[in-house]
Structures are given as C-alpha cells and as structure tokens.
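Structures for review follow.
Two complexes follow with subunit A in common, the first pairing it with subunit B and the second with subunit C.
And now, the complex of A and B:
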C-alpha cells in the first residue's frame, strides 16, 4: 500500500515535472531576455492588500457557488423526480437554460437586463452572487439527480412499502447514499466554479482576485508579473483541490459497502 | 400448521380483490383477478414466472397502480388517494426478494426508522421493539451491525423484523428466498413458519413448495394474469384441476 502510494506519488511528481519542463522549453525558445531580466515581482508585494481583498471575494464566490449550488441543486433534483410533470418540466427548462448559455451572458443579463424587468437594481457583487449561484444550482441539479438515480430502486421501494412519510424517505433513505456517491463530482464542479469567478470578476468588475491582479497591471504598466502570478495562484489551488478530491474519492470508494 | 389455524375458516376478510386489472402498455399483466384473504390466513401464490404473481402482490400495498377493479385492505379502498395508500402501507408489511435493507443504516436504525416516523412511537419503545423482534428472528446479537456485515439469510430476517416493527395486520412476501444461497433458505423459512403459526395473515409469492405444503392454508396458482386454481395445499399438490397447473407441478415436483 505504502509502496504503491509512493510509486503513484513519484509518477505524479514526474508527470508534473515533465509538463513543466516542456512548457519551460517552449517559453525559453521564445523568450524576450531583456524583459525577463526586468521582472519586478515587487509590485505584487506592494499591492498585497488589494490582492488579498480580491482573493477574499474570489473565495466568497467559490464557497457561495458550492453552498447555494448544493442546497438548490438538491431541491431541484428532488423536483425533477416529482410525479407532477409541470414541476419536472420547470426544473428541466431551468437546467437547460443555465447550462447552455455562457456564464458571461447570464451575468450581464442579470446585472443590466433584469433590473429593467423587475425594477430592482443590484450591485455588481450581488449580481455576481446571484449569477454564479443560479448557474451552480443548474449544474449541481444534474449531479444530484445522477446521485439520486444511483440509489438502488429496491431501497426506495422499501421506504414506500414501510409507509415512510415523504420527508423521511428523502432525508433518511435517498439523500444520504446519493450525496455520498456524488461528493467527488460536487467538489470537481466547485473547482470549475473557482476558476469561473474570474469571469464574474471581469464581467461585472466585482473586485475579485483576478481583477485585482489586472488593476496592478493597469497601475504599474507591468502585465507579465501580475498575470503570471494570478495564473500561478489559480493553478496551485485548483491542482491542490483536485488532489484532495481524488484522495477523498479513493477513501469513499474504499469504505463502499 | 393445521388447517384450522391457517385454513379458510379464519376470521373476516381483511383483503378483498374484485376484478383487479393491471396493464403495462398493451400487455395485460392481470386480467380481472378476484379473491379474498381472511384474517389469520396463510396464502401461497405459485405459478410460472411472468404470470402476474409479483405484480398482484405489489398492487395490494400500492407499489403498483390499479387499472381496473378494486382492492380493499382492512376497509381501505384502492385505488385511492395518496393518504389511503399510506394508510394501507402502514398496515401491510412487505418482504422483498432482494431484502432492500437501508445499507447506510445499522440493523437497529433499519428497524426503528418506520415505527418512529410513520407510527410516531418514542425512541425507547422503538428500541425495545427492535430488540424483541431481532430476538424473535434469531439474530438479537447483530443489532449494531450494518447489513453488509450480515449473510443473505440474516439480512432477510432483518428485513422481516423491519416489516414486523410496524406491527402490520398483513405480511406480503415477494419470493423471499429466491436470492438466497441454498443453505440459508431454511433459516428464513423457519421464521416464516413461526410467523404463520403465530396467526399472522400472510400472502407469499414463493417457489418453496415445502413451505406452501407445510404452512399455507390455501394455494393460489397464477398464470397468464389469472388465478387458475385456488385450493388447500393437500389437494393442490395431489390432483391437478388445470392443464397448466399439471404442467407446472410436473416441472417442479
């Protein structure tokens, strides 16, 4: 076990190194050496407060997408199993609309077009929270639906045959194994939304981490350092979160009964 | 075990079926089935697969809808409202071929969930009931295990105890031993025989002819969506009154 683990770790590390080497070689071949020698990462330090604030917004949007997505996704997934067909169509339409239109279009529509319809103006951040939450709920609905459908039919029938109230049937019999099955898929989806926060940032200028990095560029007229730094932060966090998810997935499947 | 204990001279009818019809698209699974089951009766339903036995059983507790006719269970008419179906299900326990235990719950949790939520009895009373029923089916020492830690025979006995925990008036068995290894069939049948002797009203779809012979008061032979024979076991197994029954018996005996 430990040996296989070390081997996998080595392969993983070597694979990562190989990718880095290839990228490095590609860049070296095209490098503008005088520019590189003028690299000034000191700007990052100077703008650390603004960057941290931006990172806070990015985290807020990421966590919000996860929480809102799971809560509403679960409710909508339950709706998608309803015997009442208008409810099923409504959930289906919702999912299709929000999965098949670009996030940027949704965000701008919510921020600029929706107030014309409702008469309620929202700040950029609130629009962003609504927008990414709505899209997350659509994606999580599909994930939860798959989890619910993976619960053995017989267990649901047993719940019916025992005369369990609907609330008990869902909360005690169906959802616990369903959620357990889809936890890795939920986390992977949330990594995607972590990256999508940059679209919210740029589209609505909510001051997330990516827009903070862009502001550094605009202020200092240095583009290479802030953008490279931003990319590196997304890469390291996304990659790390993916590794945690994989580990959790392995542990869950090991505990599978 | 005797004719008087489980035979046709039991109490009042607790299940009455009149002209029950079930269709799946163009296929008629049940074609005007009528019968009665009296309180305390043990009725075995046998016959070739695809004959409608399981479908019929599943209509009695509303797991399958009714397309024609009616089923009256303990005074509640089906087809009926969702509420009626729930009321029927609380009076009718069911045991499935594949056990269908809740795999993420311990044996104890499997047994107390329905009494506590559908019958609203307290935790202490539910625990007491669970322990008593597990003793009765002979696995009192397994109460804190998970279903995956039990053998198939033990799981099916837990499933029987889970259904009994609702204190049902009728128990339905849908081929309860068909998914079991041969050496585990007897431990489940023993529990069923004990239950029959205790006076429980039982409807069993089964391929275990020894059980039908020993415990049943009546045997129904179903084929092509109809009850073709309705006879006490002694007569059912000795003299065939229907051609398909004769052919069925010649294959299994």
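And now, the complex of A and C:
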C-alpha cells in the first residue's frame, strides 16, 4: 500500500504504468503508418483564407452569444424577480424550455419551422444567430439570477428603505455586485458557447471554422489533417480561455476577502 | 400555418424508435464513460507523477474539444488512423464515452474528495483493508454527494445524442429530419421531438436541482 489513507493507494503505481505502456504500444502498433507518413499539412495553408473566414464566423457567433446573453439574461433575470407572477412564470418557462432541449433541435426548429409561423425566411446564419442568442439568454438568465440572489438582502432592503426608484436600485445597488460575482460563471458559459458554435455551423451549414475545415477535407480527400487541426485549434483556445477564467476567478475571490 | 397532428399520429412509431435509440446510446455511453471516468479519477487523485499528469491531460483534452468536433473526428479520422472499420453507432459511442469520461472523472473526484478525511483515517487506523475502505467508507457518501452532478451530466449527454444526427445515427433528431424532408412537415416533427426531448430531460434536471438544494441545506457545502 502506498501513501496510506488515500484512494490513490488503490492504484498500484507500477501496474498503472505497465497498463499505460501496453495501451500505448498497442495503439502505435495498430496505427496506419503509410497514412501517417503521407500527412500533408500544406492544405491548411492553401485553404487559409476559407479557414480564417470560418473562424471569423465562429468568433462572431461567440461574441454575439455573450453580448445577447448578458443583455437579455440580465433583463430576464430582473423579470424573474418581479412581483408580477405571470412575468415570473413566463421567464421560468422560457429558461426551462431552452435549457432542457438540445441546441441542435432548437436551431432546426428556428430554421425550418419558424418561417412557417412567421412567414419570414431566414438565412442559415441569421437562424444560427437567433438560435444561439435565444439559448444564451436562457443560460445567462440562470447565472444572473444566481448573482442577484447572492446580493445581501440587507442592501436591497436598505435601497427600498431609502426610497430609491427602481431604476437606481437595480443599476446602482443590485446589479454591480451581482455582475461582479458572476463574471467567472459568465466567462465559463461563453467558453461553452464558443464550443457550441461548431454545432450551429454544422447543423445549419453556416460556414463557421469547423464547417470550413470539413469542407477542406471534402475538397482534398484528406480528412485527418484538417479535422485534427480544427480540433487542436478548439482545444488550445478553449483550454487557454478556461485557464484565464480560472485565474480571474481566483483573483476576484481574493479581492473579496 | 396549420399544425397537422395526423403527421405525428401517422409517424409516431418512427419517432419513438428514434427516442429509444437516443436513450440506449446514452445509457451505453454513460456506462463506458463511468468506467473511463473511474480510471481517470484514480489517476487524478494521485498527488503527482505521470498518472496525475496523464489524467489531467485527458480531462483537459476532452473537456476543451467541442463534443461535435469529437464526434466528427472519431467518425472520419479514427477508422483512417487505425485502418479499421467502425460503424456509425460504434463511433458515436466511442466519442460520447471519451467525452463523458472526462466529465465523469471530475464528478467522481468531487464526490471522493467530499468524503471526510477523518473517516478514511479512522478506517485506516482500524486496519481495515484498503479495498474494503474504498467500498464501504468512501464510495457510499461519495455517490450520495455526486448524484445531482451525475444526473445533470446525464441531461447533457442526452442533449449531446442529438448531435449524432450529423453522422447519420438514426436517433430522434435524425428521424425527424428525414421525416421532415420526406413530408415537408418540418413544423410538426421538429415540435414533436422538441417536446419529446423536453419530456425526457426536464424531469431529470428538476431532480438534479432539487437534490442539490436538499444536499446544500443538509450539509451546507
């Protein structure tokens, strides 16, 4: 038994390494070596304009999700605190519907079914922008609601007691500390939406970064290089953004103490 | 606009079949993800060394790559890379299990770390065998603690199965798309599957929220 008292003692150190080495050897032995030797990453350079354009759309959707989400999420969260119960139920229903159905289904519904209701046909990109915006608003409402409920009740009651008008109460007393506490959660959620842009892209063929990579694959009949490159880009960006968020979260929580 | 209920009445066996596919793929992926997650969690619980680094790398890798990218990558690239034939269903389950393993590892870790150290140390002091400690002292409270997170992840996994439509796995979303393009009754079918997904996922997420609130009230952490 290594280091008593931890679950870690369970894992026999050498056994673990042996299993890992065996797995690695098995994978290497079964790799399709002729294919690996024929890797050509030059395609990524040749199609750099298409990929960059796609990346622009990915960024656009990410930023849009963040902006729309924060603005409407804040408004809906304020609505969820309303004394008027139908408004509360409406916000609650909206949040539940958009959080408990898959994004792809929402996007397909908006792109194919909504025009039958409204009579307005939307392009794939517009449908994607609407869809990810609606879902972002639902997720950010939950986050903002948590932030608003974390504001000490005494401060809100003091604002009431001082007779501050509702506008001043929300913009000066409740929202500033509420937003400050949820900044890390908002950023983490936006990283999730950065990942979700690939769903928008492929589900509606919006031409985002991942769709562009897939098109390069179809053009060149080389699947591994473009798709692996795309995965690596998402990995590096998402991972780095996650680290920055974590660091910010630590700094903010230090500042509070 | 008219909502043609007859479409749904005529094609509901197909839709329910799609829902069933989504459910069993979720169940199978969750089982595989739990196994991967348990191994990765043990690696992550090591304080240092290669096992910890590998587990951290695994978790970071599969949590940072979008699920859809992973699904497509496994479907197109894995068969090429190893020169083997993998069907749609297998590659779907491989992708979802690999993705789920990273999240399950973090859920397991949170559960295990919530077990009071004193209890484990007491069991150690009493000379109880390590495996027995794990089974009787660590796992029961850990499972109680992680149930909300686990059910929450189950809803995420169910939602992720809709992405399998993009590689042609005939689950709910795919069935609705094909029926829609056959009959042009997009409105009816997409509404029907949205309702079906909601009916499956909503109770789970209500349970997860209630359980989490109950746990917070009882333990305060």
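Remarks
Basically, the second predicted complex is superposed on the first by the 227 of 257 C-alpha atoms of A that agree within 3 Å, B and C clash if a C-alpha of one lies under 4 Å from a C-alpha of the other, contacts with A are read in each partner's own complex, and residues count from 1 in each chain.
Keep this in mind: a contact is a pair of C-beta atoms (placed from the backbone, for glycine too) under 8 Å apart; a residue touches a chain by one contact, two chains touch by 3 or more.
No experiment lies behind these values; they were computed from the predicted model shown.
Between subunit B and subunit C, C touches the greater number of residues of subunit A.
In the superposition on chain A, contact of A:24 is made with neither subunit B nor subunit C.
In the superposed model, A:172 lies in contact with subunit B only, and not with subunit C. Touch criterion met: A:155 reaches subunit B, while subunit C stays clear of it. By the touch criterion defined above, A:228 reaches subunit C but does not reach subunit B. Look at A:32: by the touch rule set out above, it reaches subunit C but stays clear of subunit B. Of the two partner chains placed around the shared chain by superposition, neither subunit B nor subunit C is touched by A:15. In the superposition on chain A, contact of A:106 is made with subunit C only, not with subunit B. Of the two partner chains placed by superposition, only subunit B is touched by A:180; subunit C is not. Overlap of the subunit B and subunit C contact sets on subunit A: empty, with no shared residue. Considering their complex, residues 1, 42-43, 45-47, 49-51, 54, 60-61, 63-70, 72-73, 76-77, 80-84, 112, 117, 120-121, 124, 130-131, 134, 138, 155, 158-163, 165-166, 173, 176-177, 180, 186-187, 190-191, 193-194, 197-198, 201-202, 205 of subunit C touch subunit A. Subunit A makes touch with subunit B in their complex at residues 152, 154-155, 157-165, 168, 172-173, 176-177, 180, 257.
Those residues of subunit B that touch subunit A in the shared complex are 61-63, 86-87, 89-90, 92-94, 96, 98-105, 113-114, 117-118, 146-148, 159, 162-163, 166.
By the touch criterion given at the top, residues 1, 3-11, 13, 16-17, 20, 27, 30-32, 35-36, 96-97, 99-106, 108-109, 112-113, 116-117, 195-196, 198-199, 202-203, 210, 214, 217, 223-224, 227-228, 230-231, 234-236, 238-239, 242 of subunit A touch subunit C in their complex.
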